[in-house]
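Should a chain be cited, it is by its letter among A, B, C and D, assigned in written order, with residues numbered from 1 in that chain.
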Amino acid sequence: MDKKFLLGLYETMFRIRTFEEEVKKQFEDGNIPGFIHLGSGQEAVSAGACAAIKPDDNIGSTHRGHANLIAKGGRTDRMMAELFARETGSCKGRGGCLHITDMSVGSLGANGIVAAGIIVANGAALSAKLQHNNKVVLTFFGDGATNQGKFHEAMNLASLWALPNVFICENNLYGEATPLAKHMKIKDIAVRAKAYDMPGVVVDGQDVLAVFDAVTEAVKRAREGKGPTLIEAKTYRFHGHHIGDPETYRTKEEVEEWMEKRDPIKLFKAKLLKEFKVNASDIDSIDKKILKEIEDAVKFAAQSPTPDPSNLTENVYA
Amino acid sequence: MDKKFLLGLYETMFRIRTFEEEVKKQFEDGNIPGFIHLGSGQEAVSAGACAAIKPDDNIGSTHRGHANLIAKGGRTDRMMAELFARETGSCKGRGGCLHITDMSVGSLGANGIVAAGIIVANGAALSAKLQHNNKVVLTFFGDGATNQGKFHEAMNLASLWALPNVFICENNLYGEATPLAKHMKIKDIAVRAKAYDMPGVVVDGQDVLAVFDAVTEAVKRAREGKGPTLIEAKTYRFHGHHIGDPETYRTKEEVEEWMEKRDPIKLFKAKLLKEFKVNASDIDSIDKKILKEIEDAVKFAAQSPTPDPSNLTENVYA
Amino acid sequence: MAEMKLITGKDAIRDALIEEMKRDPKVFLLGEDLEQATFGVTDGLIEEFGSERVRNTPISENAIVGAAIGAALTGMRPVAEIMFADFLMDAMDPIVNTMAKARFMTGGQAKVPMVIRTPSGAGLSAGAQHSQSPEALFMHIPGIKIAVPSTPYDMKGLLKTAIRSDDPVLFFEHKMLYYEGGDVHVGDYTLPFGKADIKRKGKDITIVAVLAMVKKALLAADMLAADGIEVEIVDPMTLNPLDMETIIGSLKKTKRLMTIEEGARTGGIGAEIAARVAEEALDYLDAPIKRLGGRDCPIPFSPVLEEAMYPTEDSIAAAVKQMLG
Amino acid sequence: MAEMKLITGKDAIRDALIEEMKRDPKVFLLGEDLEQATFGVTDGLIEEFGSERVRNTPISENAIVGAAIGAALTGMRPVAEIMFADFLMDAMDPIVNTMAKARFMTGGQAKVPMVIRTPSGAGLSAGAQHSQSPEALFMHIPGIKIAVPSTPYDMKGLLKTAIRSDDPVLFFEHKMLYYEGGDVHVGDYTLPFGKADIKRKGKDITIVAVLAMVKKALLAADMLAADGIEVEIVDPMTLNPLDMETIIGSLKKTKRLMTIEEGARTGGIGAEIAARVAEEALDYLDAPIKRLGGRDCPIPFSPVLEEAMYPTEDSIAAAVKQMLG
């Protein structure tokens, strides 16, 4: 495998992690308002999936959308500024964490309504089909979202119309404070694909290459006009549902075990060094670059102006 | 098998058919306003299913709800008066075909919004569970309804909570003017049960005993606290989606073939005579009784007063 | 002068769709049973434009609206049909929380050029869930434009504007207007949003009416003219934007205001118009404002009850006389 | 006199739930994450009442509301929670088309004694989809009662009435009021629907305010009192039924009317109140009505923009002065 490609995957994951941990710090320091949903622990899903598509393909995202957007190429300075609610943010401070978006890199928007992003992303896949532009869409959503009616309607429509959509369920075992077993009876969400005569695949969401492979195959199918695939990536969020979550619904031990043994970045780093014989110094220099990037992003955000209230009603209409 | 029981099944089916055909005539004669959805051809589903439950069990119904209600014991005179929009109608002329209901016999109401009855009927099953009254609910809906988000949400919740609900999909191969293959990719809707770890069963909806058996088993499961079942009854509607439907979406030949070879009443009558050695005269006397009942129902309806506009806003609030 | 032809409302909608689809390959249709449509509006279009551009969907209102939003975000101009306006409730989340807000929430990155067409209104004994007129609800949702045409001419001209708009538009088609006739221009023309149309000139009272109520108001005005009462009828054409200038301009002349709508009176279109007048033009009122509308009641199936729900030409004329008397 | 205690809004809701669940075994709760609730209202209740009566659901708003309707139809008294009022849009169909209409459509056979509790309102930088105040929408839907309490006392008393009501009730809990303190009676009491509460007596202007705007109005009134302006503040407590008698009674005294709400101004609560006044009490108005409300704009994430969306005590006071000036 191409080392540059592998290091790219690592870089994306490390960028996400560094960004998220910095966001947590900045939130706790009082520099970020609102509700913040972090993606630490789930980096391999976004990184692996987005590596399988092209810059002008689209992604649909959720309330937990930082990782999806960074993996798709979102600029961390604009994103940090958005979370700081600054005019230089990618949404000019109007969106925040729940709606973080950069349409210039193919994001269709993070949607704060659970499962609402799925039906919209599906529409982008329809659009690609109608425009015969061979684009595909990756539609990210959580385990909890698959209990929403919208998930069902979108899956049925996508399968019926053979839309070029890859549905990626980031099954992190919880929907807010509710563990999987308390919100559905099945164990593998991929099973739900059967209800639409769609392929359903379970993949280890902590293994970036496994995600990449599964998504690559699904993307190929989609581009060939064979229709959508449901990929369930088993993963875990290291932090609470949002920052400040008391996390009464899971044990510290469970979290620690995942952090220790199933951290996608640790796992991939080890693999890079051992299996792919990557030099430690190559990794170190990526780390340094990213740490600097995020530090700069914070500076950029902190120095940016807040929006001007006299422009409040801009962009309600065209 | 008990002859009285078998003749009861026949009587119910014949009552439905006679009612429906009379409704068609009355509509065409201008005595019934609104949109009318007939259940001719689908009698075996309602009759077989409702024979498997008790008077104080509940049913949830749809826009095509006459058959469900008659099978549950709804009085045909009150129903006919309802369709005639009379004050003596079971809903006092406020509901009509789309909302035909008789709560005194356990109907939860016909719902004119596709799939909206499913979530409500599910709630009655929850109620039964909470009240520990050992009641079950039969929830009727069409093939088209299973593409609605509400179907999905209700199925998931029912399975998760092991609600005493039997989901009965009357798959009549069309949703309004859209054939099955144009609204979903799967062939058997029962497959959808897998998405909820729920048993899914396909049954011949033109065979009243087959329906009865399948529902009996599902009801037993439900009463034992083992949760819901999805039963897909393959059936066919002999008339258009509503009276006046131009039926551009199917051939006359197809309809005629079903009417000739797959009429549930004809089939069951033949079976009664041949297999169960029922006397033709027993059947004839049922036919006569029912013909008279429906004739009387029309008289009752026609002679009943229309609602008084000065009472219009009654029953908006308690 | 442009050539005119007499067509029904249904055909006016249909013509607008056909002309816009021919004009712009990005325009496409999706919705339930478009192939054999409940009110016949889209019949034959699939033969003309193919099943790629005229897309018959499953019964999945959320997926329909969501698909339209996603397609609009990525360069298309979808026209979605919701089979009855009552079923808008089923897609309320994507309409209110995504469609209406996408442009704003993204700081102007997104544009959502889409139309949702939907038949509204009573008159067919279709009962409480197939007869509603929910237009007013959407006035409370910033980010959605709302068209409420009352004639074939307005339907065609406003629908073309809606399809070309870069904002999402909710387009209400009153069922009882589908089969009413009226003159339209042959070929292309558009009508502006936010510009009310004075459907009848008069000096004694201003009536603001929408959709099927315009005709009832016109009939009432005919009756009143016989008694020497000159009614001015203002049809706002769109509820958002709402042309208060024309309404208040008319009121300045007549000094009396009545609003007529088919949706429930409470919280309706008339409420907003009356409030705007009470804020901005109070001094011109020589009499209390009068709002007519649907009763605050679910819509009954029974034809005699259904009729009692709504203003009629007689009750309008009587209310006008009472105001002037 | 009844014993009083000082508690937060959150605890007032919680106390009402606990007392009603103890009083009536038919009362039960369902909703998302009730076990570890977003705003903590239901924390601990599952331990007290068990997971049969405090039912944590999947993220399925339609199924939640549908289940509540079905349970209500069959003898229970469900209290459903929709986690944010914004998500009501997701269950709009069962709310509008079934819950509100079941009694009427069945000719009175059905009764739907259920409550939907939901946190509304802005102030937490939660953005356009988690900050809305959609109360006014439901005024346009006949068949639904609507409670809008502004104090812990009102919350507890109105919620008990809601739970005991045989009509479906939408119960709005403003997020910013969860953590405000206020005195409530210890133990059982109820407050009537349709009876406004005069939160402050005054003679110069009537302000009708709801939910979190009551407190802002009270603060403005304090400021204005220093200038000798006596504001009367009417809190309608419920929007349906709406106590126009008290509002008009106050207006007859003060001759001036201002309405304040947090939801979008257009098509809002104030529109209906202003229209009713313009119809029924026009002659008492000495000045144009003034409606304050949320801007007609999706709610921005940015705190500085979010603040600019809404009336503040300063802007209220300034507007009052302008009206009187």
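As a convention for this text, a contact is a pair of C-beta atoms (placed from the backbone, for glycine too) under 8 Å apart; a residue touches a chain by one contact, two chains touch by 3 or more.
Since this is a predicted model, take the numbers as computed values, not measurements.
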Mutual neighbours - chains that touch chain A and chain D alike: B, C
Chain A and chain C: spacing of chain centres that average the CA atoms, whole Å: 40
Between chain C and chain D, centroid-to-centroid distance (C-alpha), Å: 30
Distance between the centres, which are taken as Cα means, of chain B and chain A, whole angstrom: 45
Overlap residues in chain A, where contacts from two or more other chains coincide: 91, 93-95, 99, 111-113, 147-150, 153, 156, 160, 182-184, 316
Multi-chain contact sites of chain C, meaning residues that touch two or more partners: 57-58, 60, 62, 86-87, 90, 93, 97, 104-105, 127-129, 142-143, 295-298, 300
Chain contact graph, described as a line, ring, star, complete graph or other shape: complete
Residues of chain B that touch chain C when the two form their complex: 33-35, 85-86, 91, 93-99, 111-115, 144-145, 147-149, 175-178, 182-184, 246, 248-249, 306-307, 309, 312-313, 316
Residues of chain D that touch chain C when the two form their complex: 86-87, 89-90, 92-93, 95-97, 100-101, 104-105, 127-129, 134, 136-137, 139-143, 240, 263-264, 266-268, 270-272, 274-275, 277-280, 282-283, 285, 287-291, 295-298, 300
In the complex with chain C, residue positions of chain A that touch it: 58, 60, 89-95, 99, 101-104, 108-109, 111-113, 116, 118-128, 130-131, 149-150, 153-154, 156-157, 160-161, 314-318
Residues on chain A engaged by chain B in the complex (per definition of touch): 147-153, 156, 159-160, 182-186, 191-192, 194-198
Parts of chain C lying in touch with chain B, wherever the complex brings them together: 32-33, 35-36, 38, 56-60, 62, 86-87, 90, 124-130, 295-298, 300-305, 307-309
